[in-house]
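Read through the structures below before going on.
One chain, subunit A, appears in both complexes that follow, with subunit B as partner in the first and subunit C in the second.
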Partner chain A sequence: MKASMLFRSLVLLRRSALITLSMIASVVTLPVLAANTYYTPEQIVSEVFGNASDDSLEKGALWMTPERRAEAKDLLGDAPRQARIRYQAYRGNYLWTLSETGKEKPITFAVQTSGGQIVRIEVMVFREVRGDEIRLPQYTAQYEGLSLNSDGALSDHIDGISGATYSVRSMKKVAKMALLLDRWANEDNAVTP
Partner chain B sequence: MKKVAVLAAAVALSNSVMAADADTQAQQAQIDELKAQIAALADSMDAQVSEPANPVHIGGYGEMHLNLNQGDDNEIDYHRFVLFFGKEFNDRVRFFSELELEHSLAGEGKPGEVELEQAYVEYDVNDSMKARAGLFLLPIGILNETHEPETFYGVERNNVEKRIIPTTWWEGGVSLTGSIVDGLSYDVAVHSGLKNDEAVIRSGRQKVAEATANKAAYTARLKYTAVPGLELAISGQYQDDILQGGGNDEIGASLVEAHAIYQTGGFGIRALYAQWNIDSDVESVVADNIGASKQTGYYIEPSYRISESVGVFYRNSMWDTTAGDSADSEKTQNDVGVNYWLAETAVLKADYFRQETAGEFSSAGYNLGVGFSF
Partner chain C sequence: MRTMQSHPKQQLRRQIRFFFHRWHRRIGLLAAALVVLLSVTGVALNHTGSLNLDRMFPQSSLILWPYASVIPKANEVQTSEGRLHSQNGQLTLNSERLAPCDRLKGYAENASFALVACGDSWHLFTADFLLIESFDPILAGIEQRYLPGTAGTALAVGDGQDWVIFDPDTLTLTAPATGAQSGRLTEVVAENRAISWQRVILDLHSGRWFGDWGVWMMDAAAIILLLLSFSGIWMWWARPRRRR
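And then the complex of A and B:
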C-alpha cells in the first residue's frame, strides 16, 4: 500500500519542479506518511495494558445519550459527534482513542484514565503543519494525575507552545473529554451487577 | 378420566409453554437482529464522523482600531480584514494562502491596500522536513508568523517588530523547514530581496509585486521549543544588495534577530532584539536617511493572564532606524494595557502608550480595539 501511495504522489508531481527534490529525498530518506503516526492502535494497547492478553481486555462502548451530550456541552462546551465511544479496559484502567481538530486537521490522541484521573496521554497521529511538540514526554507528563474540576476545568494548568496554541487546546479538550467519559464508564459499571 | 384430563392439560400446557418458548425465541431473535442493526447504524454514523473530509479550508482574522491620539486627530480604522484559503491535495502536498484588505478601502486615492500575504505550495519531504515554494512569511521575529489579534497584547502591533524587522514581511522563493532533534527546528529560505535607495527597510519590502529579482536574500532560523511554555529563537538574514543592482555600489544588508517567549500558568514574558547592519557605503547613497547603516530595536513585555478572559501587560520598547550616526534618534515607548477575551479567538483590547524621541516626549494616547480570528 505504501508503494502505490508513493507512486500516486510521484505521478501528481510529474510536471512540478518539486519532482527532482522528492526523488532525491526518497532515495536519501525513508518513505513516510505525511501525517506522522507515533503510535498504532496495537502499540498503544501494548504500552498501556502491557502483557494483558487480548481476551482479558474488556472492550466496551459508551452510548452518547441526549443526557450525556447535554452534560458534555454544559461542562466542556462541546460534545462528541459519535453515537458511541469505544473503549478498552483492564483492572479499572480505561483506554480512550479520541480525535480532535487542531487548527485544520484532526489529531488522534490516546488517553488512559483510572478512577477519575489521567494516567497517561499520547499523540497517536499528528496531521497539522506545526505544533507536534505536544507529543514530547515533557508536554504529556503535565497531564498525569489531572482530574476534572466541578466547573469543567483541568485540575492544574498546562504549559503550551506559544506558536501553536491550537494543538495544545485540542489536547486539553481531549483530556477533559476522557475524564468525563471515565466518569460515565465508572457509573455504568457500578450499575451493572 | 382425571388422569387423561390432567395429561391433556399437561400436554396443552407444555404445548403452550413450548409455543411461549418459541415466541420468546422468536422475540429474542428479533431483539438480536435489532441490536445488530443498531450497531451497524452506529458504526456507519461514526465512520462518517471520524474520517476527515478534505474540503477547502477557510479561515481569517480581522481587527478594528480606535486611536485616541492626544494632541492629534483621533482615528477609527478597520485596520485589517484577512482571509485564509488552504487545501490538502494529497497526504503530502497542500497549499495555503492569505489575502488581506487593509484600512477598508483600496484603490487610487484610498488609504488601504489589497495584498497577497501568503500563497505557497508545501510538500512533506519526509517525516521531519517540509519544503515550500511560493510567497511566504519570513521566519523572523515573534509576530511575523503569528499575528492574529487574540495572540498578542496591545491594539497595534509593537513598533520594534513593525519598524525594525519589519513585520509583516513576506517574500517569494523557496524554503525548507525541519527538525534537527525533538524540540529544535530550523528554517532556511532563499527568496526575493529588499529594494530601497534610502535604506528604509520597511519601504524596501517589494511584496513580490513585479519585484526586481537581481539580488536574492537568504534567511535562516533556529527555534527551540523542547520546554513546555518556552520558545527561544534566533534568525539571520543576508543579502548582497538592497539596491538590486540599480546603483554604482552594492549595498549589502544583514539582520540578526533573537527572541524569547515564556508562558507558565498566568505569567508570560516576551523579549526580542533585532539589528540591521547595512554596508557603510549606504551613507553616501541616501539623501535623507543618514545613519541608516545601523538599525536596532528591542522590547520586553511581561504579562499576566488573570483569568481565562482577562490579561494585562506592560511593554518597554526602544527602536532606532538611524542608529549609524551620532545624532540621537532613539525612540522609546512604554505601553500598558488589557485584553479581554470574549471567546478563545475573539478579543477586546485597550492600551495606553507614551512615546519619546531622543529623550523628549513625542506622542501619547489611548487605543481601543476589537479583533477576531477563525
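And then the complex of A and C:
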C-alpha cells in the first residue's frame, strides 16, 4: 500500500516537473524588453501646452555658438556637441527634448521651462535596465521651480534614489542644460511672450 | 498464500525501480552536458597560469557575445569626406571624434546632409560632417528596424522594402518613398584585448556566460545532480541484497 502511494506520488512529481520545465522554457524564451516610451512628442506637447493650437506654437531652434559652448562648459562642465537644439514655445513657456546617457543607454527627457525656472520635467523614453523611478511624480516634483545658480548648480537640493544614481545624474544634468537653454532663448527673444 | 501476497508487492517494487531507472537515465543525459562543461572549465581554471588563459584573448564574436557592451565594435563606411567609423562608443570620421555612437548601423548622405544611425540615437550632420543634431529615433517615429537611405536627392528611412522620406529640418517622416537605397556598411573586426579566455571560462563555469538565466541553469544542474544521487541510491538499495 505504501509502495503504491509512493509510485503515485512519483508519477505526480513527474507531471509537476514537466509542467515546471515547460513554464521555465516559456519564460526563458520571452523577448528582451524594449525601450519604455512614456510620452510621445504629441502627448507631451498636449500636456504641457494644453489646448494651444498647432499654429500658435512656436517651433524654433537655438544654435550652439562657440561662446555658448564655452559658457556651457564653464557652468555645467560639458557642452552639447550638436549645433542645433530645437524647442517649442508658447506664451513664454519652452519645451525642450533632451537626451542624456544614463549608465549605458540614452534617456530622453522633456523639460518645460519658463522665466528661468523649471515648470515640469518628464522622462519620455527610458532604455536602461534599472533606475526608471526617476519618472515618478514624487521624484520629478523636486525639480519644479528650480533655477540655475551663477555657479551652475541647481537652486535647491535634489534627493537621490538608491539604485538609480546614473539616472538621477542624467536628469540633473538635463535640468541644468534646459535652464541654460531657457536663458539663451530668452536672451535671443526667440519667443514673444 | 504467502507467495500470492508478496507477488503484487514485488511487481510494484519492480515498477518503481523501472521508473527510477528510466528517469535516472533521462536526467543523467540532461545533466551530462552540464557536468562535462563544469568539469572541463573547472580543470582549465585550476591551471589558468600554466595554460596562459589570462593572457590569451578569444576573437570569435560567438564566444564574445555576452560582452558585446565592453568589446570595441567596428563598423565603417566610406563617405564623401572620408572613413566613417564607430568604435569604443564613438563615431569618428578619419579618426576625428564626431558624436557618441553605440554602434554604427546605417548611413546615408545627400548633397546637404548626412544621416547616421547609431542604434539608440541618430545623428544629422551637414555634408561636411558638422553635427547639426542628435535625436531619439523613437520620438521621430523611426522604427527600430529602419535604417537611413536616399530616395533620389532626399534622405529617407526604411527597412529595405518600405521607405519614408525624412525631413532634416523638422526631423520628421513625411511621405512614402520609392526606389530608395541604404548606404552599405563594412564590418570591421576589432581585436579583442579586453576579455581573456580566463574570464570566458570562469563565466562558463558559473553560468554567467549564458546571461541572467545561466546562473539559474547551473542551480538547476546542481538540483539534477542531487536527484541523480538520490535515484542512484534508491536503485542500489532496491536491488536484492545479493546483487548489490
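Note that in this section the second predicted complex is superposed on the first by the 156 of 193 C-alpha atoms of A that agree within 3 Å, B and C clash if a C-alpha of one lies under 4 Å from a C-alpha of the other, contacts with A are read in each partner's own complex, and residues count from 1 in each chain.
Operating definition for what follows: contacts are C-beta pairs under 8 Å (C-beta built on N, C-alpha and C of every residue); 3 or more make two chains touch, one makes a residue touch a chain.
A quick note: this is a predicted structure, and the numbers were derived from the prediction, not measured.
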{"item": "Subunit A: partner with more touched residues, subunit B or subunit C", "value": "B"}
{"item": "Which superposed partner A:Met124 touches (first subunit B, second subunit C, both, neither)", "value": "second"}
{"item": "Partner chain(s) touched by A:Thr40 [first = subunit B, second = subunit C, both, neither]", "value": "second"}
{"item": "First (subunit B), second (subunit C), both or neither touched by A:Ser99", "value": "both"}
{"item": "Which of subunit B and subunit C A:Tyr139 touches, first, second, both or neither", "value": "first"}
{"item": "Touching partner for A:Ala83 - first (subunit B), second (subunit C), both, neither", "value": "both"}
{"item": "Contacts of A:Ile161 with subunit B and subunit C, given as first, second, both or neither", "value": "first"}
{"item": "Footprint overlap on subunit A, where subunit B in one structure and subunit C in the other make contact", "value": "34-35, 81-84, 99, 104-106, 127"}
{"item": "Residue ranges of subunit C touching subunit A (in the complex, touch as defined)", "value": "9, 12-13, 15-16, 19, 23, 69, 98-100, 102, 120-121, 123, 130-136, 138-139, 144, 170-171, 213"}
{"item": "Of all residues in subunit A, those that touch subunit C in their complex", "value": "3-4, 6-7, 10-11, 14, 28, 34-35, 37, 40-41, 59, 81-86, 97, 99, 101, 104-106, 108, 124-125, 127"}
{"item": "Partner subunit B, residues of subunit A touching it in the complex", "value": "5, 8-9, 12-13, 16-18, 21-22, 25, 29-30, 32-36, 81-84, 99, 104-106, 127, 129, 133, 136, 138-139, 142, 157-163, 165, 169"}
{"item": "Touching residues on subunit B, where the partner in the complex is subunit A", "value": "41-42, 45-46, 49-50, 52, 57, 59, 86, 88-94, 121-127, 129-131, 133, 142, 145-146, 151, 182-183, 225-229, 231, 261, 263-266, 344"}
